[in-house]
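Every chain is named by a letter (A, B, C and D) in the order it is written, and numbering of its residues begins at 1.
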């Protein structure tokens, strides 16, 4: 067995950073050695720098790591750097890391819309990582050093949406129209300050800043195709797929529920049974590659009338599996159904880990 | 000032019955004298029969009323009987009451789909009560006695949906396509057993039995027209209005939030400003009639990006006003917006009271 | 009828400030004219400065008041200034106001422990306001100008605790030992940031910084006596009353529940019936003075086995009444019972208003 | 390795029964073969009989087990029968099973107060199982057949309370006075109907029928001693330990929080550090016996000021570990602290499994 790859985490004291640390504990491929955080935390032991707020205990191995500032120099031995940085800091820091030749897998939104930055839901579009392969090949041919790169994790609500769409468009062609109303968990908003208790107890907040635009835009990138030379992603044009999102924050700790309706371009549409079969039989590429965190069952199609439910179903396949229920015909578009995904796993830190596993399986790191 | 009309309540110990009693306390038009409940409760003082679960105290006047069985004879002096009966009992009891010449305003679903039974959201379609007027006229002409009748209150999620649609179809013509995803409060499910705590805490239940069908069907009746002779309601045909509902139960005590999208038949559609103006300026007929419970402002169009919210906005106009927010263009249909209504007021007992006030204003009782 | 007294509010944009404004709307004795907030808000109309988060709409009268900085000069026409300032600012600002001859009723903790500052739960110890009377008399005799003063509102969890204790100690003598475990609502923590949603959903936080010490200390001041010359309050000595508090934050929006046990110094203790009668018959001095906000029933002793409950009972007497239930013998001390009080009314802004009404009734303002 | 012992579950479709099934999945010592439920379920496959409501999926092995009625004959090959029956049925059924020579580990309350029935918190008083050993010895000597017996699991709130008390009384002698206020999760109330959502959302219910009496009584049995001949348990007399409980239901899914105060008989009491050390170093007998489910750390003494919290700490040691925090001196008794335990694990089904593991380790089954 090969030695584990050394990895690091940026924004290690934040909510996404804490999740990266948990998911990297006892990971078979990666060894977490470098933790970066703000200058306020740098120089302290991690256990003293962090306000740990996870349901699992702070792993022993992480306690005594001395937190460093987010400078590329400190991460130079890392095969991958996972970034849980806030958008306010991610822009410049991730750029510095990339320019220093490092591989960054980022949960921040800053570079998601760059055409040469893969925006990845690892159970959906790992083929977009070929952009990285192309960069590596080009550098090798040019005889220049190994280039750094950034891969972006999608927005959490987008991840849940596109997972079941992928096998559907593969099997039945383009989805022309799509509406999605989300009921999103509060863990997605982080800790500081996150969603205030008085704002969400016995309440719904029918607005999440920027979220609807992200879902509408990112969906068309993730389901888009690579350019011929594998150097960029070409978003689905608006006329091939129009998406409308309505995003709500609900009093749920983890797990985004999405009520979606959609219409295929090709008519007549498939049957309900074909639809369900397509999702049920979908095996994501990460599973085929044997990645450690890949879900055994990518999409769970549930037949009980009142499922999926976040409290009961969010942890399928350790949060890497997506649950779909109530698949039925829609009087307005073709079909409607309910999708549930774990926002901090497949929608954030967990996706980052699986992306890195795929990068490793493809020898891109 | 005229004497108050004597009224009664069926199903008086249940959750809807308790709300009827509260709303009838110190009512200027009605005096509640008769409380009907199951044989188990009959013969007891109301205070001893009820498990009172309201935020207001059990009104003094009701405490010592001796509960009667749900037999028409006991209610014969009532100008109106409000029914909060469960569907299991409402069918036969309400029929008996009607046949005994009584006026019944019912929250039960049993007779909602009868063509000659008005299905009323009092801030939307009180004109459908002309069916009652026509019955009374016909009886008078025929010299037969005053006929009994049933008026049905709509389903709670339907009430919130149709309220803002009414001024829109009045102003801009038919709505051809409509999708609605609801986030419904648990108070709508009653007490026994209602929604279990363990099912709804930190959770969403993406299913409410029969609810989606009710919303899709009732909307087309409420927005339908009277037949020429005012004897029946003609539902909007499916091709004039296709409705698709997705209903969810959420951990909110009171107040249904609905995320809706819709497309007008007439194109191009109105502007956003026209849309908002139409809703803001809508004055319901009950307000024009001067009914006691009618909302001062029927529809509140909110401009803050994160409103309406159930905890903050459900009590507008004592729960008789409906709040609309986030009115914006929709990439798939024409517009999308968020609607909030108080499910136990305009969606249940409160609607019944306002219907009775309208019946009184029209001299139908 | 006399003209209303002009009043002002400090910290007007915060959660306590917003509650002061609501409670002063259409108040028969007071007219709110001056709103003070941070320099960031000063100069703006209140409607533009505030992030209004109340279940009632922002009152019309307040919308166009131009917010001023918290300088005494701007409040000089105010008979009373209500302070909802954070402790970080209250110390210096309230001192300046007092020195400028203004009457300040403050929700901040800064001056609560000064021996010549009355710490008031208005339904419990308004007689401590005689300290103010003594100051006014002294100034009059000395021929100096009307002196300013500060009156402090108690901590919210203390208010609920001492309310039922007052008639008990009046009737049955000192309470020697008292334990209280609180289940406190999140509204008490304010908005910015307040309690985070992810910290309190499906959770209990068994700690509120400083709260236990406040309860243990303030209880002994509020139940203490005036010095002979009415110039200071003498706390109950520790040996006359030992209090132990355990404070928890729970997922409840409004209403503090407290499970208390206590032992009287005089043995044998009263009977259960005497205990309940004493609380039920207690009429607070504010009610006797005819104050507008005084509760009709100060303490509601409930006989149902599962009451009081915050959602059902917190609004008794508009939140000025305290509910007590489950009064029973205690195997360890003498008695145990459950107390419920509305933390933002009798435990914060509401108490301030009632204190001012008492000051007015006593001609101290 | 020995063959696994065959076991059965009574009340298999209920909430406790479902938990037994999950905990017996892939258990190294036990093989679950027989599922008993009501006549309504008997004859059906388990998957068709149950309304499965767990966060883990229904285990494959259980799906096709045909449910049987709760008759001893059907369970005769079982080394242990776990009972999750409701109290209404447990009395007669468990008696029948015992008389048929079966070993029953029951979560029902029916036999807890029998002097010859061990009432066991497996991390606290497994030595009380010697009553079973004594019965077996006696039968062997008498040459009669292997006798059946019942072992009772304690009430969930009692389990959390006694866990930290055990090392304290072992180290420092009797606890003379103890007060406990509980904040109990709703999962303890089961499904049908359990706690209603509308009763617990944004609310506290300060009453759980019978619970306080159970805590006060059971604590004195569990901490009591065996009689000289090991045939019965002798409760601690009231004068050696007086317990006062106040029980509340709170909006938490799993995990009971208890705020306790206590006073030792021996004065002066130990120091805070001695107290914490005693709890931290406690190793339960089940761990020494090497039982599969025994917690690695029986009691986790937490030093952070705001812990334990149910959402963060309830799953320590898979729910078999108990967390204690805020250990501090108490102005009224000697000490106060907060205890958190997982009510469905150490307080119900999980305790039953660990009891059976201990019975096996002691060769009592």
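In this text, contacts are C-beta pairs under 8 Å (C-beta built on N, C-alpha and C of every residue); 3 or more make two chains touch, one makes a residue touch a chain.
In UniProt terms, the chains line up like this: A, B, C, D = Aspartate-semialdehyde dehydrogenase.
Bear in mind the structure is a predicted one, so any value in this text is a computation, not a measurement.
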item: Chain whose mean Cα position lies farthest from subunit C; value: A
item: Chain pair with more C-beta contacts, C-D versus A-C; value: C-D
item: Whole-Å separation of chain centres (CA-atom averages), subunit C against subunit D; value: 43
item: Gap in Å, rounded to a whole number, between the CA centres of subunit D and subunit A; value: 41
item: Interchain centroid distance [CA atoms averaged], subunit A/subunit C, Å; value: 48
item: Residues of subunit A touching at least two other chains; value: 53, 201-202, 251-253, 311-312
item: Subunit B to subunit C touching residues, read off their complex; value: 53-55, 57, 201-202, 253, 311-312, 315-316
item: Subunit B contact footprint on subunit D (complex, rising order); value: 53, 186-187, 189, 191-202, 251-253
item: In the complex, subunit A residues that touch subunit B; value: 177-179, 181, 183, 201-207, 209, 216, 238, 242-244, 246, 248, 250-253, 257, 259, 261, 305-312, 325-326, 330-333, 336, 338
